[in-house]
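To start, I am sharing the structure in question, which I have written as structure tokens.
All chains are identified by letter, namely A, B, C and D, in their written order; residue positions are counted from 1 within each chain.
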Amino acid sequence: MDLFALYDGKYYIFSRDGKKKFIRGLGVIDTKRFMDKNEGEKINILGQDFIVLKPNIQDILSAMERKEQIVHFKDIGTIIYLSGIHAYSRVVEIGAGSGFLTLSLIYYSYPGTVYSYDISENVIKNLSEIINDWKLGGNWVGKVRDGREGIDEKNVDSIIVDIPDPWNVVSSAYESLRVNGTFIAYVPNITQVVLLKEKLLKENFKNIDVGEIIERKWVVGERESRPENTGIMHTSFIVSARKISD
Amino acid sequence: MDLFALYDGKYYIFSRDGKKKFIRGLGVIDTKRFMDKNEGEKINILGQDFIVLKPNIQDILSAMERKEQIVHFKDIGTIIYLSGIHAYSRVVEIGAGSGFLTLSLIYYSYPGTVYSYDISENVIKNLSEIINDWKLGGNWVGKVRDGREGIDEKNVDSIIVDIPDPWNVVSSAYESLRVNGTFIAYVPNITQVVLLKEKLLKENFKNIDVGEIIERKWVVGERESRPENTGIMHTSFIVSARKISD
Amino acid sequence: MDLFALYDGKYYIFSRDGKKKFIRGLGVIDTKRFMDKNEGEKINILGQDFIVLKPNIQDILSAMERKEQIVHFKDIGTIIYLSGIHAYSRVVEIGAGSGFLTLSLIYYSYPGTVYSYDISENVIKNLSEIINDWKLGGNWVGKVRDGREGIDEKNVDSIIVDIPDPWNVVSSAYESLRVNGTFIAYVPNITQVVLLKEKLLKENFKNIDVGEIIERKWVVGERESRPENTGIMHTSFIVSARKISD
Amino acid sequence: MDLFALYDGKYYIFSRDGKKKFIRGLGVIDTKRFMDKNEGEKINILGQDFIVLKPNIQDILSAMERKEQIVHFKDIGTIIYLSGIHAYSRVVEIGAGSGFLTLSLIYYSYPGTVYSYDISENVIKNLSEIINDWKLGGNWVGKVRDGREGIDEKNVDSIIVDIPDPWNVVSSAYESLRVNGTFIAYVPNITQVVLLKEKLLKENFKNIDVGEIIERKWVVGERESRPENTGIMHTSFIVSARKISD
């Protein structure tokens, strides 16, 4: 990963490929200007100072266009933890949606490989552009395919599912996973969780676990310290399970 | 990482180095028996079947001795996410304590490097034995040193702090971090958080953020679906901050 | 209510009727001794000091025998608030169980009337003894009856339900309530809530509302201030609804 | 209480005193029209149907003008429960603010008495108008007075405090309470709670308890059942304490 960002309180992420390009919030930028800049150096664009930085996953996601249905920041760490994904992991994602999770999977499995299935050509095309331009890593394979109809990859470390009917990929997920591989689903409704768990039990998945993460942000000062007054109360339940035996 | 485990519902982790060794819960094991076993194969020990597996971070932590004051499972994902740690990261840990976080940092930064400072010789010695035997990775450096008196490493990606007076490492952490590097502290009391935030502001840290994670586990069945009745209500606040400019 | 208690850190509640009686935790007590004592006065029993007090609902519940399945303290205030019960209310309770809610209903509707239906003769008998001895109020009517088979009272202000199949009292509750009267159910599983809501909608109930209360207790001190580490994560969902038109 | 409301999905509360009056949301209403209407009867105003109802505390609060800093609905039940307030209680309120709590105290202590202290003449005047017009009860005494300078009433059952420096009424509250009387404060910041608790300990209050209520509202349907996505994460901590001995 050759990650690069400009920072002025917000993070602007793009590759230094020497081309002119349009960056949301900055306008058209000639990336030649930044070729030889080091981390920490300042750059002036139209009178404003930016710092050259190497962004991390939090910054990368903050630079993405926010759509309604995203995998929420508060859940990404837990999904990564439960999935067991780390360097060199081979991961299959069913339902790429907003791409928030896709980018996270690439970041954590690097230099491994992420295979993203989505039925929308548009979703895969947009993700492809971002991943290429932001130099997130070469080992991403986007597939305009319905993951419920089968998964090509075998012996994968983890399968991450974010579709409305996750129970419909349980069988093919089982076939695709390695022993001790993880199945993770991100599921908004408890009624969906009930159906999913039933199917996971039937297909011989083990260690099935259901949880949700409530994050409380705090305002902290010497005189005023309290949780923030309003916030996210619910996003999705996180369901995890293991394939133990063949 | 050449991770190896036996599984019978619980995970038993050790290296296949051909030596006899004592494994808690299994007794004395001659590891020669497992040298050529593949994932998914069964092994019989004194009449009981075990499956050979490659464990992930969740399994690794489950196999550790539980002491009272641990970094809780529910918080590890969030700490990893906020720290930005992934493959090749260089990480400094101040206060290794139970080792739960140390092992997680090694797992996620692999094949990077983790430097752990702890004032207890015993803590570092025990960790060293586990890390070596479990083949968690070669790039761990344990130091019987007081991190509050200075950090040798420079230009590190992240510094993770789990000591009672985190404000006392803020200055040396700032010096040690690279631009856009992350400072993360795990802090049980809000009164400590107030003191820490004051110091972070004074030392020019930016994007200071305080949160806590409440995890709700669910019991799920067709007829009975509800959150678990009792559980962990609080462990620690997670404080994160960035060094932006030199 | 002629409430009376002795206090030594715990509350011991009984009536001063001049009789000798056995009080759990105190042994046999001759209540003549307390006939003319005023609030705040001390009394010595076998070398230990007790203070004479007028207990409130929290103290009353603290003096009850704790059984497994109780309406939890944290939920009582919310149930009372949503029910609209206050002085002179006429209340029907279906399922008296541990009696925690029964005593609360008597306390808040006083000098109104509470009608408690329970299929267990034992439950009604035990409650009757406590209510009489503790002088909680004369307007309590216990019925060894199955509330699902019909409610005698009409034009009542509120009906409180704590049975495993609350949907089976919805029709008779509707008939029994006054206009703008409240239906409240205490329901452990979300799967039960789904069935109950369906039935409430069908029977023309309005303003159907489902919530749960998470209470976080805090440890507070100058140096250590934090939420308690473990606690109650879930008891029951509280479902409320209104009868609006006849 | 001669409570009266019109209902069309919202509650409009006013007294049927035979006068014409302006009702927010309805315009000018001649209350003579409603003198002889019974609960459940319909009334037509400018082509729209309204039902005549007797409102409860929830409806009463829903009809009040919402200002920013209110005692939140989710907390009222818990405050009432911890205070021990019920029929005939004598209650002192220090800081009437939005009036949400004042009206609740009147409702639950009815036919007792509530004494409200507030330094703002405007607050007391507005409350007086609402309480009189809505016929909430005759035993309310509003005082344009600083409760921190002393409380006239003695032997009261409960003192409820909602001001920025609750520690400054602790001494006079102790003098004013009866034995086993309750002190309740509604406190936004944990830093204020620390100061308050210190003062309560110093003034000999017992059974000091600090908690916060997190309410999760649920969306419930056969296919979609989940907690609401956003909501109130924090309002105030509720601090309760007892005066045990003189």
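In this section, contacts are C-beta pairs under 8 Å (C-beta built on N, C-alpha and C of every residue); 3 or more make two chains touch, one makes a residue touch a chain.
On a predicted model such as this, the values are computed, not experimentally measured, just so you know.
Engineer: In contact with chain A and with chain D at once: which chains are those? Just list them.
Structural biologist: Under the touch definition, chain A and chain D have B, C as mutual neighbours.
Engineer: Note whether the interface between chain A and chain B is symmetric in residue numbering, meaning over half of all numbers used appear on both sides, and answer same or different.
Structural biologist: Here the answer is same, because the shared fraction of interface numbers exceeds one half.
Engineer: Can you check how far apart chain A and chain C are, centre to centre, with Cα atoms defining each centre and the answer in Å?
Structural biologist: Centre-to-centre distance between chain A and chain C: 48 Å.
Engineer: In whole angstrom, how far does the Cα centroid of chain A sit from the Cα centroid of chain B?
Structural biologist: Going by mean C-alpha positions, chain A sits 22 Å from chain B.
Engineer: Which chain A residues touch at least two other chains?
Structural biologist: 190-191, 194, 212, 216-217, 221-222, 225
Engineer: State the interface residues of chain C toward chain D in the complex, per the touch definition above.
Structural biologist: Residues in contact with chain D: 7, 39-40, 51, 53-59, 73-74, 76-84, 86-88, 107-108, 110-111, 157, 178-180, 182, 190, 193-194, 197-198, 209-218, 220-222, 225, 237, 244-246.
Engineer: Where on chain D is chain B touching in the complex?
Structural biologist: Going through chain D, the ones touching chain B are 190-191, 194.
Engineer: Under the stated contact criterion, what part of chain B meets chain C in this complex?
Structural biologist: Touch residues, chain B against chain C: 188-191, 216-217, 221-235.
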